[in-house]
Amino acid sequence: MADLDVVIQTAAFDPGELQQQLIGQSTDIGGVVTFTGYVRNANEGDEVSVLQLEHYPGMTERVIQETLENAAQRWPLLAAQVVHRVGELVPGDPIVWVGISAKHRAAAYAACEFAMDFLKTEAPFWKKERTADGERWLDQRSVDTERTARW
Amino acid sequence: MADLDVVIQTAAFDPGELQQQLIGQSTDIGGVVTFTGYVRNANEGDEVSVLQLEHYPGMTERVIQETLENAAQRWPLLAAQVVHRVGELVPGDPIVWVGISAKHRAAAYAACEFAMDFLKTEAPFWKKERTADGERWLDQRSVDTERTARW
Amino acid sequence: MSERGHVQVRFFARFRELLDCDAVSVALPEEGFHLSQLMTALAEKGELWAQVMSEENLIRAVNQTVVNDDPPLTPGDEVAFFPPVTGG
Amino acid sequence: MSERGHVQVRFFARFRELLDCDAVSVALPEEGFHLSQLMTALAEKGELWAQVMSEENLIRAVNQTVVNDDPPLTPGDEVAFFPPVTGG
């Protein structure tokens, strides 16, 4: 059974360290695919100064854990981890990291993309942007729901 | 135009440092997808002790650079880098790293998988395994040529 | 948290701000009280509450699982209302 | 490296080992000498050379680009022979 892990934290994280933890001492791994999401400085034309991330503690972890379990049933994975930040972030900050290890790369690519697509549409996080014009809650992008429907 | 880079080296590399270099000071990036290939301890049942990697200097860089240029034409990328080791490697060593940054994750996932598929089938590298039974040159996997044919 | 005969109702993001309410405990008036009945009861708390309960993009979760049907509620259940998610 | 009137021929991996040869300079006997003619000339260097030149999985590159046709060679060209690639 693949080793699956979900962490929600306010602290910053280092993608390199997370990848090191994911592989550990394993020499079975053929490939690791990672996704790191960053806070962008502009959204729909407005300069973003701060991004506030709210979530639903408990449900968030459960939804992402289930997503990783579904991925591990669909593809032969060795390990999968999701780390997601909440609280205040600024442009350039890493916000989410998904790392997947597998013997062969095709499984790792597919599972990493699958995990991000479901995280984007099912995990209870909400983003609020602060720009020069004030604050606004972000709307879900239709492209994200379309991507999830592919699986 | 996306910032494209190819490095062939005998020295070890650190995936975390490479990702840090890829993003630099940019706050345009929405997502980074990376692939890290590792030397596996076993191949077709035999324990691998050393992997020897030979390449065709000059052609290797050219083929990978062209692959990244093709990727940047197909998808809106911010930056792409491939680092590939040659020489002697042992199980657990990172052998190849592909990092792609983009405003949106779909482009980064697609370009990263595209780059690895073409690297596996077009870049002139050859692997020779040393096991308890002696040395052997590896054969190309048919799954790799099939994956490249998808694009 | 979960009093006997009550459900805990939670609000997130835009709805939490609009109602100025993180969570409220609601007594179940009868056995077999359904989620839609809870929503009707909440809508009666005022104009803003009625507005949130009639939102087109209102996601509903019972015990941290999104529901699309109208399940009966049980004392101790946790019900949540929130907008479409925007993480990652 | 590229002498006037010559092509540089390089071998890699299994073929390099089999022939015990990294590279060899070959004089072009005439203008419009084609890759297939170079291969015939190399095959005449001995049994192992003939074996390599008749390999089913022999990839051929001219000036570091894989070719599937039979191009004419020009003095200074770099020709390479190698097995299917196995990097990554």
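As written, the chain order gives the labels A, B, C and D, with residue 1 at the start of each chain.
Here is the rule we go by: a residue touches a chain if its C-beta (ideal position, glycine included) is under 8 Å from a C-beta of that chain, and two chains touch if they have at least 3 such contacts.
Just so we're clear, the structure is a prediction, and the values are computed from it rather than from any experiment.
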- Count how many hops through touching chains it takes, at the least, to reach subunit D starting from subunit B. 1
- List the centre-to-centre spacing of subunit A and subunit C in whole Å, with centres computed as mean CA coordinates. 27
- Could you state the distance in Å from the CA-based centre of subunit A to that of subunit D? 49
- Message: Based only on mean CA positions, could you tell me how far subunit A sits from subunit B in angstrom?
- Response: 23
- Among subunit A residues, those touching two or more other chains are 37, 116
- Query: Every pair of chains that touch: which are they?
  - Reply: A-B, A-C, B-D
- Task: Can you check the complex and tell me which residues of subunit B touch subunit A?
- Result: 14-17, 19-20, 23, 25-42, 91-92, 103-106, 108-109, 112-113, 116, 143, 147
- Mind listing the subunit A positions that touch subunit C in their complex? 37, 53-56, 58-59, 62, 84, 95-96, 116, 119-128, 137-140
- Query: Hey, which residues of subunit D end up touching subunit B in the complex?
  - Reply: 10, 12-14, 16, 61, 64-66, 80, 82-88
